[in-house]
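Presented sequentially are two complexes of subunit A, the first with subunit B as partner and the second with subunit C.
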Partner chain A sequence: MRTVEEIVSSVFGVERDTVDDNSSPASVEGWDSMGHVNLVAALEQAFNVSIDIDDVMEMGDVQKIKKILLAYGVRS
Partner chain B sequence: MKDWMEKLGDLVREGSREELEKVPELQSLLEILGQNLIGAGRLGEATNLVKTANHQGLRLSGSVYRQLAQAQVRSDDATSAEATILELLKRDAEDVEAQRFLYRLFRDSGRMTRAHAALNRLVELDPSGGTATFAHRERGKLDEMSGQPVRIAILSSYVLDPLVPFLDVECRRAGLTPAFYVAPFNQYTQEILNPSSGLYSFGPEIVFVALDLEDLFPAVRGVPPVDELAKGRDEIRGTITTLVRELSSRSKSLIVVHELTFAGSSPHGVLDNRRSDGLSRWTEDLNRDLAEDLGSQAHTFLLPLRQVLSRTAGERGQSRKLYYMARMRHGDAALRQIAHYSMRYLKPLKGLTRKCVVVDLDGTLWGGVVGEVGPEGIQLGPTAPGVEFVDFQEALLNLTKRGILLAVCSKNNPEDVMPVLREHKHMVLREEHLAALRINWRNKAENLADIAEELNIGLDSLVFLDDNPVERELVRQMLPGVLTVELPKDASQYRSTLENLTDFELLALTKEDEQRASQYQANRRRQALERSSASLDAYLHSLEIRAEIARAERHHVTRLVQMLNKTNQFNTTTRRYQAPEIERFVASPDHGVYVLEVADRFGEHGLVGSAIVRRERERWCIDNLLLSCRVMGLSVETVLLKRIYDAARLCDVPQLVGEFIPTAKNGPTADFYQRHGFQLSGDGDGAQSWTLDLRVDRIEDPAWVAVKVSGE
Partner chain C sequence: MSEAPSVTKESYAVRLYEPELAEACDRFSQKVWPKSDDRDGGGASTRDTGAAPPRILFLKGDEVIGHVATVPVRLAVGGRLVNASWAVGLMVLPEHRNGPVAPLLMKKFNRAVEIGLTLHVEQSALRVFKGVGWRHLGVIPQYVRVLNARAFVTTFARRGCEVLSGRWSRLGTALARVSGPVAALVSFAFAGLSAIGAVRRRTAADATVEEERGFDTSYTKLAERVKDQLAVWVFRDEPYLTARYGRRMEAYRLLACRRQGQLLGYCLVKLRRFENDPRIGDIRMGTIVDCVFDPAESGVLDALLASAIALCRREGIDVVFCTASLRKLGQRLRCHAFVRMPATLNVAFHDRTGTIGENLPLDSWHLMRSDSDADANC
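Moving on to the complex of A and B:
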């Protein structure tokens, strides 16, 4: 299974080893509001889940994404 | 590093296959070894390991290669990093991350053409929205390629910005360099009505207008009564018609309005289509109104969004969530389809319509090899296997109805093939449908170049369909201008692959298009006559050419625009005017627009020439003069020039000036003015002017053409 870091890296086309728990829209090029929609679509597809909109809004960095995905039964 | 690693490293270095094969879990151990070597900075050994593994047929995971390449970049050795990545791509051509890495290497070393090509390949490997967006963003950092520019504007009632990366991908694939303007969210009305809006200062060549039914008529989400529906329908029609009219009056762009779709389920359930207030019928009527209004103008179109979206049925549910989240209406799959379909407008707008499909025979038009199994043994008939080929042939034949030519290029013996073409009961395509035939054992690139020459069209007008990947690769490499289609292995996908191509669109269909196939047949008879004639002069006289020349009228505009945008060879300035400008020229007293129709003893060529003249007091300027390639070599261009010459003399104008802008393709026009007695009077900025003194010089019609002048 792919990790959240891998998905972030491939959605925004940044190198894998530049993505860590603190990566967020402030540090990743292309992670704007449209990019966020693409990221959510990629996460939903990779982990086969449908993420609630309020959770989508809370996904402010990689660490938060991982924490929210835990609630959907995804260990990443 | 641990002892076992050093030992394993020695084994790899020695390259003893037998010893290596004895190692249990070899692949995982090699990967761990690779990672450790990279970690320890022993990059030379790691490189060696990767090479040996490849050599021995062991699949190391792609991440070892990528980590190695990254380490090589960090140690300032981009050349080795590139070699490592290419090694990985050689093994696994579809490794997206490797492709992305390769792109970065090209970008960082300033190799722009290769960087653009690497991005093209990347979006092909990963068609997701994320990667399309990445590619679009990166293009902004690269120097532009020399592709033909195109200016695209998008007006929408919802968030349609994410369409841009997908359209960018499609444009680049077609060799276009696009510039985009996306009007601020839901401000389409202001953008259209305000003459100093961003839209107009951008100066678009094409405007897509995408409005959502729910935004125009929110009541559609409820259960609107019949009278409210009727009122809504009128209002929506009025709104869109007004917007399009205002937009047309301020911009000469092509306007493409998206159909209105109703994304929800009808509140009436299965009863919907039997009720007078049913929503499906209402939507249908509404779109028919729009089709009618937009269809009455040459430059306004209705994009069949419902048909486009039907290819992405699975995504409908997702799209509502996107709306709640981001005021978007379409997900990735839908956007990809919309972008793909949009090219059907963009390509003809930019003169990229292809004119001829060249097909292979064995394995392409029928199953099996006719030279081996004979005409009765091939797969072609009403049941499978065979029906898929009949279906494919029908789709090819359909293309000829809009003027696309068909030709055959096959490695075969003519005596094996001709009986199939002439007599096989289930062949749909017959000899008479084919504009050219090359059945021989020469290489296909030569044959294709030959066909282009025979039909007098450019190589970039050809589409090549062949089931053999080796032939395809040959043609791709030798003739990159030809569109070589990646035909799927499964013949039941042939028809949809053909129908999915966006390269055969015309923005208007003319009489000439419908007759083209039979005109080429007449051409073959003409060539037979040419071969039997004693001299060129005798041949030209025996053709019994008749030319009719007239001032253009409104009903000529469609064909004129088509010729202006398609003609490359005999075209003095290649100025690509669109319908509104031509209509203005036709109506204006400062311009003369002439049209030339030609016929001969074998049939009519139709409207095949035109000239646009700017009439100034002291001189007339020939802004553009063009001739369809079908009638090149008959001297009928002289008839056009003679007509302008006569009119100018009649008006006592002292000078006639011909403008000439050389392009890669209009070589046949280069000496046009010179051989009619014009003197070069200006040359600069890529344009020449040639002048004829009307008080002295004369122009005569060719002796073998019977000229009829009508009008004026």
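Moving on to the complex of A and C:
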């Protein structure tokens, strides 16, 4: 199973080792409004989940994404 | 696919407008369009019910934080009429603009509307439209005809000094100093272009162009006659034109070309005097916002354009603009000494029905400023 960091790296085309728990739209180039939607779609596909819109809105950084995914039964 | 209840406290939703949301919509409109008389962002009234066109709202709790409206039109595609909608008033509250609000609104729009169209200037909007599957056709060419070279040169030289920096600012300053001779050169250049173009202009035998005040059934007949001669265009019959311009007709001048009563073509010109505008300063501007003509009637378009320029001269207009995608219209504009200039109006569409060919070039579409709400600021 891929990690959230790997998916962020793949969606935004950045080096894997530059992505950590603090990575967010402020630090990752391309993580804008459209990029966020693409990231959510990639997470849904990778982990076979359907993410609620409330959670989509709260995915402010990698750490929050992991916490939210945990509630969907995804340990990433 | 597993689902889980939201783990966060905020409650968000993307919803179609319903009357119970009218007050929240009004609050949103007051925030984002505080000076506008029409706070609907070009869409249907917030108080409309029943068969009102869809408006899509992004809600945070009871508050609207994002909005896009639809303006339904009938699109003539190769002569066949299909329902389509302009996407207008795509707006997100500033504090939510870095989030996924706009793309999620447009995804809902894609599901609500079979054929969507948009005209817009913002690159950020273009990225969203393309991101949710819209096809970007390009930028509609814009043309300018200078009637008062002195006003044109002094205005743009002064504005250049104020808004440009570095060597461009110095160029503006230099231009302002020699605005008299430069204006004379510009005037000479446009007179030359006009003289050259006059050789290629055609006349419409026995046809006359006169100003009219409103629309009648002859406008529908013209639309029916020409609908299959243009690849893609918004079908402009009498009901459409009345709905589009009727309430605001005082802002436009309608020139109609007729032969023995039969309407051969028409154009609408918007005249406006800008005062201390941050972009263009003090200038009297005319814009040919709409133009429909029978391509088979040689000379009609030339007669209309000549009349539009003459009208602008009579009204003391300094500069005339026209934004037009259709190749034939661009060619005739050049015969009337219009010069192509940098443009910003992007066109994109989304077609779930497959009616519109993917490979139709922009210059086969007939799009102008009057389409969507793109003439609001001209």
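Assume the second predicted complex is superposed on the first by the 76 of 76 C-alpha atoms of A that agree within 3 Å, B and C clash if a C-alpha of one lies under 4 Å from a C-alpha of the other, contacts with A are read in each partner's own complex, and residues count from 1 in each chain.
As a working rule, a contact is a pair of C-beta atoms (placed from the backbone, for glycine too) under 8 Å apart; a residue touches a chain by one contact, two chains touch by 3 or more.
Keep in mind the model is a prediction, meaning the values are calculated, not measured.
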item: First (subunit B), second (subunit C), both or neither touched by A:V49; value: second
item: Subunit B versus subunit C as contact partner of A:K67, first or second or both or neither; value: second
item: Touching partner for A:D17 - first (subunit B), second (subunit C), both, neither; value: first
item: First, second, both or neither for A:S33, with subunit B first and subunit C second; value: both
item: A:E58 touches, of subunit B and subunit C: first, second, both or neither?; value: second
item: First, second, both or neither for A:A41, with subunit B first and subunit C second; value: first
item: Shared subunit A contacts, counted only where both subunit B and subunit C touch the same residue; value: 33-34, 37-38, 40, 50, 53, 56
item: Residues on subunit A engaged by subunit B in the complex (per definition of touch); value: 10-13, 15-17, 29-30, 33-35, 37-42, 50, 53, 56
item: Complex contacts: residues of subunit B adjacent to subunit A; value: 70, 96-97, 100, 126, 128-131, 133-134, 137-138, 161-162, 318, 321-322, 324-326, 328, 331-332
item: Partner subunit A, residues of subunit C touching it in the complex; value: 1-8, 10-14, 60, 97-104, 107, 127-128, 131-132
item: Subunit A residues touching subunit C - in the complex, by the definition given at the top; value: 25, 32-34, 36-38, 40, 44, 48-50, 52-58, 67-68, 71-73
